[in-house]
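Each of the two complexes below includes subunit A, the first together with subunit B, the second together with subunit C.
Here is the complex of A and B:
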C-alpha cells in the first residue's frame, strides 16, 4: 500500500498524525489520558471517545457506523487497564475522502485506522499490539484481487472489503483479525484469498508504519 | 506470641450464589460455567439457532387484494419472532421527481433495452437502497442510541451492496387522468395500452419520477444483538412489497407559465402534481436471486479454570492443562452474558446458493481461526437455506 504519513502534525493535542493514500487524506488527533465526564467513566479501564468527521457536511449515521468499526479495531490494541477511570479522545478529520461517499467508505475507514494507530503511539498511550489496515476490492469479470483500490476501481468492483490485522513481535506475527468488513458478492475461496493477500500487504504496511515511528522517535532519544 | 497464632487461624467459607445472582454479578464466570457443561445460559447447544416464526404482509394496505385499505400507507410488512424478541418491519414509500435525467434515460432507449443495460452493468451505481429507521424499544424515550444508528446504516449499506433493489424497479410508470365526455374520470396507464400504440405516444412525459422506500423496524424485548433479526425481517418484507400506481392530471401534463424575475422573463414548467392510485398496484421487482439471510456467531475461549468439578469423581480427577484455552464457536448470540463476554464476533449474510453479500468479522477477544470462519460460513449457508423456505409455508 502506497502512502505518506506524518506524526506530531498538531501541537495542542497529546498525539496526532496525518495519513495520505492516493486521494484519501485523514488527520487524527489523540487527547488522553484525561479526566472523563461522569457518564463516560469506566471503573476499571480507559474509556474511549471516538469521533469521525466527514470531508464535507456534518457527521451522519454513516460516520457513526465508521466510528463503531474504528472502535472495534482500537479497543483490543490499547492497554485499557493501564488507565482506570480515565478517558482518551480520538478524533479523525477526513480531509479528502477519495471515493464516492454515497456508496463506499472502505478507503476512509482504512486510513482512519492507520492514522489513529500512529496518533495513539505519538500520544504515548500504552498499547498491547500493532495494527495495520488496507482496503481491498475484487474486480468484476477478471476476479482480480486489488489491494488499495482507487475510487474508479471501487465503482466497477464486485465486492469491497476492509481488513485490519493485529501484529505482535515487532510486526512479524499476526495475532488476530481485528476487522474484516466485506460487502458485495463473494464466495468462500475469495474470502480466504483476501485474508492471504491481506496478510502479506498488511505486513508490509506495518513495517513502514514502524519505520515512520522509528524516524520520529530516534532523534528524540539521541538528544 | 504463640497464643496469637492460634487466634489468627481463620476458616474460609466459600461464598455461593444462586445461578441467576451469579449471572448478574459475574456474567463472564456464569457463561464459562454453562459452557463447560456443553450448554449456554439460554440452554441452547453451542451451534443451535433460535426458532424463527414470521408473519408476512399482515399490516399492509394490500392484505385484502379485493378491498384495498386506502388509508393504510404500509406497502409491505413483516413480523418476525425469534426467542423472546419481536421485530416488526413496515415498509412505506414516497415519490420523488428526478431532476437530472442521466444519459441512459434518454428517450431513444426503450424500457426493455434500458433494463438489459442495467442488468449487464452489475455495478453498485445501478442499485438503490431502502432508508431504514431502527427503533429498539427500551421502555424510555429520548434520542436514538448509537446501536440504532449503526444498525440502520449497516442495513442501508448491505441492501445497496447486495444489489437487491435495481434503480430501474423504482421508476414510476405514471398514467394520466382524464375527464371523459360524460364527466367521469378515468386513468390511463402507458403499459396497459399495448394494443393501441397511438395512445402511448400521447402519454410520453418529459418528467421522470422514482419511488423511494422507507422501512421502519421496531424491535421489542431486545435480549441480544439484533442486526441479523432486523435484516431477515427486512428481507421477508421486501419480497412482498407492492407499489401503488401513480398518475398525473391531464390538464397539468404539460403546463407552462411565464414568470418575471428582476425584469427578465423566464418560462417555467410547473411541477406536476402526481397522485397515487387508490386501488391499483404493481409488485416491486427485486433481484430475488440476491435475497440473502443473516446470522451471527461468537468465538470464545473455554477457560479451564472455570470448569465445574464433577463431585462424583472428584478423586479420580483428570489432569486438565490449565493453560490450554479451547476456542468454541457459538451460533446466534443471545442473552446479556453472551453479548458482554464474547468479544470476537462473526456476522454473515448468505444466500442459499452459497454466496455471501456481507461479512463482518471482529476479533477483539478470542483468536478467530480459519476453521472457525469456514464453520460459520457453512452454518450460514444452511441457515439461509432454511430461512428462505419460510415465506412459502
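Here is the complex of A and C:
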C-alpha cells in the first residue's frame, strides 16, 4: 500500500482523519451539521466551510485555490439536501507538504481530498458516493506516466495532474470525474492514458479506503 | 441479516417489495433511486405488519440531528414569550420547547425553568427545514411522562450509537454493572448526553468515569472490571 490512513484521530470534532502518502501528511477535521452564521446559510442545502492550512506560514492565495478545488470535489459527493440551513466545517491541516510548495500542490491536494472524504465518513455526514484522488506526472525524457510521483519526480516532470474520481456500486463503477487538474505540456492521447491509469489506481485506493473504514467503524457498532 | 455498507453502494434488497426508508437511506427525488448515504451496518427487516421491508443503517456519529420520538437532554439557553430556546449539542441549531408542552400547562400556569437548566424531553416535530420542537409531556395523553427538569447530577458526553445501545438494547450490561456499585438516577438522551445522579457525589463521579471509559472502549466484556476499578479509585481518592 502506498499510503497510510486513520480515521477518528481527534476527540473534540465530529469526524477526523489522517492521510499519509510518501512524505505528504494531512490531518482533516469535520464539524457538522451545525448552526451557520446568517451569511453562510443556504435555504435548501448544507453550506460548506472549507479551510486548508499550509505546513508552514500562513494561508495564502495558493491555499485559497486548493480550497476551491477541494470544494469542487466535495460538493457533488455530499448529500447536501439532507441538511438544509445547516453548516459543515471541513478543515485540512497539512502537516508535511512532501513537495516543493512554490511549484507544486498536486500531492497536497490529492491527500486533502482523501483525508476530507475519510473525515466526512467518520462524521456520519450523508453522502451520495465515494471518492478517491491521486496525483499523476508525465516524465520529461521517457514520457512515462507515473502515479503518485515523489517530490523529485515532480521536479523532472513535463506535466503534473491531480485526478479525483467518484465511485458507486461497491467502489467498482466510476460515476464521474470530479476533478482533473492539469499543469504543463501534454497532448490528448496522454490525457486519455492518464485517465485510464488513474481509474485503475483510484479503484485500488478506494478498495483500501473501504477496508480501513470498515476496520475502524464496525468495532464501534458491535455490541 | 446485516452487511457493512458504504455510500452509493447498491442496496441488497428485493426490488419487488415496497421499501420503508430508515436512517441512512435516501431516495433521490429526481431519479427515484434508493441509495445508502451513510457508512455502517445495513439492517433489513421484513417483520413489519404491512409486508414492506424496513431498511436502515446503524452508523456511528457524534452530531445529533433531531428526529421524532427521540428522548433528548437539552440545556435552556433562552426564554421567549411562549417558548424556551433549548440547545441539544454545542454549536448545533437550537430547538424550541413551548410553555404549553408541560404537564398541567395553561396560559396562567407558566413553567419555572431558567437559563442554564437541564431538561429531559421528547422530540415532537423534526422537519429538517424547520426548527425542531421538543416537549416535556406525553402529548397523546397530556399527562406527565417522566420528563422535565434534571436537578443536580452530572452530564456525560458520549457518541450517539452508545446512547442508542444504552436506551434500546435490553441486554446491554452497563446499567446492571453500575447498579451493583451504587444507587443512581439516570436519563439517557439520544443526542449523545447521559445524565446521572447519586446520593453521594463520589458515587456520581464513579458512574461518570465508568460510563466515559466504557464508551471509549466499547467492549461489553470489560464493563464489570472498568466499573470496579473506577469506583475503587474514587473511594481511595476520597480517603486521602
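As a convention for this text, the second predicted complex is superposed on the first by the 222 of 223 C-alpha atoms of A that agree within 3 Å, B and C clash if a C-alpha of one lies under 4 Å from a C-alpha of the other, contacts with A are read in each partner's own complex, and residues count from 1 in each chain.
What we mean here is this: contacts are C-beta pairs under 8 Å (C-beta built on N, C-alpha and C of every residue); 3 or more make two chains touch, one makes a residue touch a chain.
Because the structure is a prediction, the values reported are computed rather than measured.
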Worksheet item: Thinking of the overlay built on chain A, is A:65 touched by subunit B (first), by subunit C (second), by both, or by neither?
Response: first
Worksheet item: Counting only touches as set out at the top, which of subunit B and subunit C does A:192 meet: first, second, both, neither?
Response: first
Fill in: Partner chain(s) touched by A:222 [first = subunit B, second = subunit C, both, neither]
second
Worksheet item: Just subunit B (first), just subunit C (second), both, or neither: which does A:175 touch?
Response: both
Discussion item. One more residue to check, A:160. First (subunit B), second (subunit C), both or neither?
Written reply: first
Item to complete: Please write out, lowest number first, the residues of subunit A touched by both subunit B and subunit C across the two complexes.
Response: 175
Practice prompt. Would you pull the subunit C residues touching subunit A in the complex into a rising list?
Written response: 4, 6-10, 24, 26, 35, 37-41, 58-63, 65, 91-94, 128-129, 159, 161, 165, 169, 172, 218, 220
Item to complete: Could you pull out which subunit B residues touch subunit A in their complex?
Response: 122-125, 146, 149-150, 152-154, 156-158, 160-163, 290, 343-344, 354-365, 367-368, 370, 373-374, 377
Discussion item. For the complex, give me every residue of subunit A touching subunit B.
Written reply: 61-62, 64-65, 68, 72, 75-76, 103-105, 140, 155-156, 158-160, 166, 175-188, 191-192, 195
Discussion item. For a test of understanding, state which residues of subunit A touch subunit C in their complex under the given definition.
Written reply: 14-15, 31-35, 44, 77, 79, 82-86, 121-124, 126-130, 167-171, 175, 210, 213-214, 217-223
